[in-house]
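A, B and C are the chain letters, set down in written order, and residue numbers restart from 1 in every chain.
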Amino acid sequence: MNSPAGFQAAKPVLAIEGLTVSFDGFKAVNDLNLYVDRNEVHVVIGPNGAGKTTVLDLICGKTRATAGSIDFDGRELTKMREFDIVRAGVGRKFQNPSIYENLTVFENLEMSYPAGRKVFGALFFKRTQEVIERVEQVAQEIMLGDHLHRQADLLSHGQKQWLEIGMLLMQDPQLLMLDEPVAGMSVSERVATADLLNRISQGRSVLVIEHDMEFVKSIAHRVTVLHQGKVLAEGSMEAVQSNPKVIEVYLGH
Amino acid sequence: MKNAYESLLGGKHGAIGLALLAALILVVFPLALDAFRLNMVGKYLTYAFVAVGLVLCWGYGGILSLGQGIFFGLGGYCMAMFLKLEASDPESTKIQSTPGIPDFMDWNQITELPLFWEPFHSLSFTLIAVVAVPVLLALVIGIAMFKRRVGDVYFSIVTQAIALILTVLIIGQQGLTGGVNGITDLRTLKGWDIRTDEAKLILYFVSAVLLLGCILIARFIVASKLGRLLLAMRDKEERVRFSGYDVASFKIFVFCVGAAFAGIGGAMFTLQVGFMSPSFVGIVPSIEMVIFAAVGGRLSLLGAVYGALLVNFGKTYFSESFPELWLYLMGGLFIVVVMYFPNGLAGLWDSHGKRWLARLQRKPQVAAAPKPVAVAPSKRPTPELETTP
Amino acid sequence: MEWLSEFGAIAAMQGFNGLSVFCVLLLMALGLAIIFGQMGVINMAHGEFLTIGAYTTFVVSSLTSSYAPAFGPYYFFLAIILSFFIAGAIGWLVEWAMISKLYQRPLDTLLATWGLSLVMQQGFRSIFGAREVSATLPDWLMGSWNPTEAIDIPRNGLFVMGLTLLLTALLFLMIYRSRWGLQVRATMQNRVMARSVGINTKRVDRMTFALGCGVAGVAGAAFTTIGSTGPTAGSLYIVDTFLVVVFGGASSLLGTIASAFSIAQAQSLLEFFTSGSMAKVFTLSAVVLILMLRPQGLFSAKVRK
């Protein structure tokens, strides 16, 4: 941001500048600037229709920007294909748990192992000891170590959310994007998820969209409030919560 | 060794199934049927190539091609062009106004062999073309359609339109293709008369072995990570794409494999039946091949073979005895299988046959093993990976 | 200058030929656009509903000439109405028995309705025989209209055009102006929402499907004025019709009209320069190529996903 060029450590891992997307004249995201630093857990909040999910869609290439740039670690994401963005190190969890219901937990995680991603690679992909160890390690991390061979549709809703996070961890992304990770979770599951996020944010950046303020408080290093496709306020949770503009459009409701 | 056993044969279960099929087509049919009927079965088996490819594309990949006849036809026509050139040497065509070219060209006042026919003087070129021409066309269609994320339904309609275009083109360009009659009167392959009973028996075995080979290749694909990815894509395409996979390339790949199988089937058809015509290219044969796969079970590679055999036995029997009834039956079969038995014979076998077998052996635990195959209105039936142990 | 006016006359007549093809294609496509575009159902038996209309017209024509020859000049209007209702009623039954059970499985609908089309074709063959039949056209539909010496426009073509215009206008009113049309559009946009505001979506589906089939029936009645009817008369049009609908951008009726017009005119003009089969090859190939470049069709609106 304001740091001098070449000073590597302070350079944000993700720099969104002037980002705009319009659907038939309706600007869902309007001239947005947003930065995510290294090793940061950055939470985006905002009322419904503020453009939060659209921002994630734009970063991961699901929606194409009308104008502006998204710089990820020196690479321009707006021109890249979805799978290249993933391979560059961006992982994205969808709002509803999106897992392969017919496969086991092990197989779900294995699918995201970053090898055999091309046609012939996939054809001759082998389940080596290395793969097995990595899957087991991630399964432990997401608290599903005991359910490795259970079919995914038999998991609880919260466990499905964790499984999808685990699938992203398999790719070891530099930037992890989570869309409402605790929606529909019980209180204890929320606490466990907060711990999980605090653990996995070591060595990577995490961008989270969330409505649950308690949860946001327990994880956020920095909070950005979106309103009508623009940044309304940014800062620590306390600063944001006491911001009168924010209270007016969002928290005051 | 163990790996190969698992992935190609699908463990004990798959190995027994494959052995039974191999025994049926390599031993039982040749012993039980006379030369004429065996040749007919050989013809049905060439359709099974297409059906096996359709299981890959449609059952696993979720892409329903209504134009597999295109690839069957292209493979068949490549073979037929080679055989026709061999049958049209200047000596045997000396009564024509232009000796040395196929007879139908002469009838259409063509005086010189068209350029695209020239390479088909070579057998090795022909054998490559039998696979390469269908694969190339599938590659072009696949890239154009899947890279642009054309929906399933649009893909089906466009492939059907291409089948129609190709048929009209072949029929319209009589001088170049033999028109509606096709390429007929094929005689020898490198001097070996393919019309004798002995030759037909050998060709039957070649065809059967090739079919088993295609099934093994298909099993390898299905058992690989690529096979799991295909199934995953069918239900959660976005998740697969945002896990770093180029979804289109996998669809293009299975579509090309399906085209290659169909091309080989077409070439074997030409060799065994002795001609190739547009009636095996168009919309109707293409969609009939889908019903073979549907009857057998859209997720079962072996089922595709049984489906092709059964439907065609039925077709032959009924059109010989009750020609009126056949279309009613065929249409009814389509409706009933699709509406009530979306997993076809393989699904019935899994839900009823195995239980029955288990009761016979008094081993009730087997009965619990297969997943119930229900007509699920909300999502497609759960696939039974043939290779999961 | 002589050749120029001659060329103009040929172009006009060829263009008019294209118009007759366009009319039948459009009537078929409008029915399909309602079913496929609005409901997302792939009805491969759509051509058979055209055949139903054509056979209905034939039956009415034969009955009239044997029992009520005096009614002869007017039977055609009755035939059009009957075609609509018979095809619509059969469509209603088909929706009830088959389509309604397959809404979640579009590709399976395609296969099941293909099976249905086989059964229906054989049904026609069993009832009417394999030979093609033709309805006797009333006198006022015979002959042609000559605005100038060189131009010769057949009256049946003019009639079909009038019928097409009328029906298209009616459909537009129904879908975009009537309360029922509003219900249809609401159901197609958001089924759950429509149901929660009290729309009987099942009934809307059934009526929409029946309407689409009824329109195909009228297309069949129109078809008898320009061709003879056989058991497979309709299935010959099915691929073209699907291409028209897809090319026009599936959900827009205006797009369907523009697309039917351009495909029919291209076909007819090319036919003048090459053979009929090559004209078809060129037209269909062009459509397929354009669809590969622009899969959403020519006239679809940009929608937010």
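Throughout what follows, a contact is a pair of C-beta atoms (placed from the backbone, for glycine too) under 8 Å apart; a residue touches a chain by one contact, two chains touch by 3 or more.
Since the model is a prediction, treat every value here as computed from it, not as a measurement.
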| item | value |
| --- | --- |
| Longest centre-to-centre distance from subunit B, chain (CA-based) | A |
| Chain nearest the global centroid, as defined over all protein CA atoms shown | B |
| Centroid distance [mean C-alpha coordinates] between subunit B and subunit A, Å | 44 |
| Inter-chain centre distance, subunit B versus subunit C - centres from mean C-alpha coordinates, in Å | 34 |
| Separation of mean Cα positions, subunit C and subunit A [Å, integer] | 50 |
| Subunit A-facing residues of subunit B, complex | 3, 220-221, 224-226, 228-229, 231-232, 235-236, 238-247, 249-250, 253, 382-383 |
| Residue numbers on subunit C that touch subunit B, as the complex places them | 40, 42, 98, 101-108, 110-112, 114-123, 125-126, 239, 242-243, 246, 275, 277-278, 280-281, 284-285, 287-288, 291-292, 295 |
| Complex interface listing, subunit B residues touching subunit C | 58, 64, 66, 144-145, 148-154, 156-158, 160-162, 164-165, 168-169, 171-172, 283, 287, 290-291, 294, 324, 327-328, 330-335, 338-339, 342, 377-380 |
| Residues of subunit A defined as touching subunit B within the complex | 60, 62, 81-83, 86-87, 91-92, 94, 98-103, 107, 110-112, 114, 116-119, 122-126, 167, 171 |
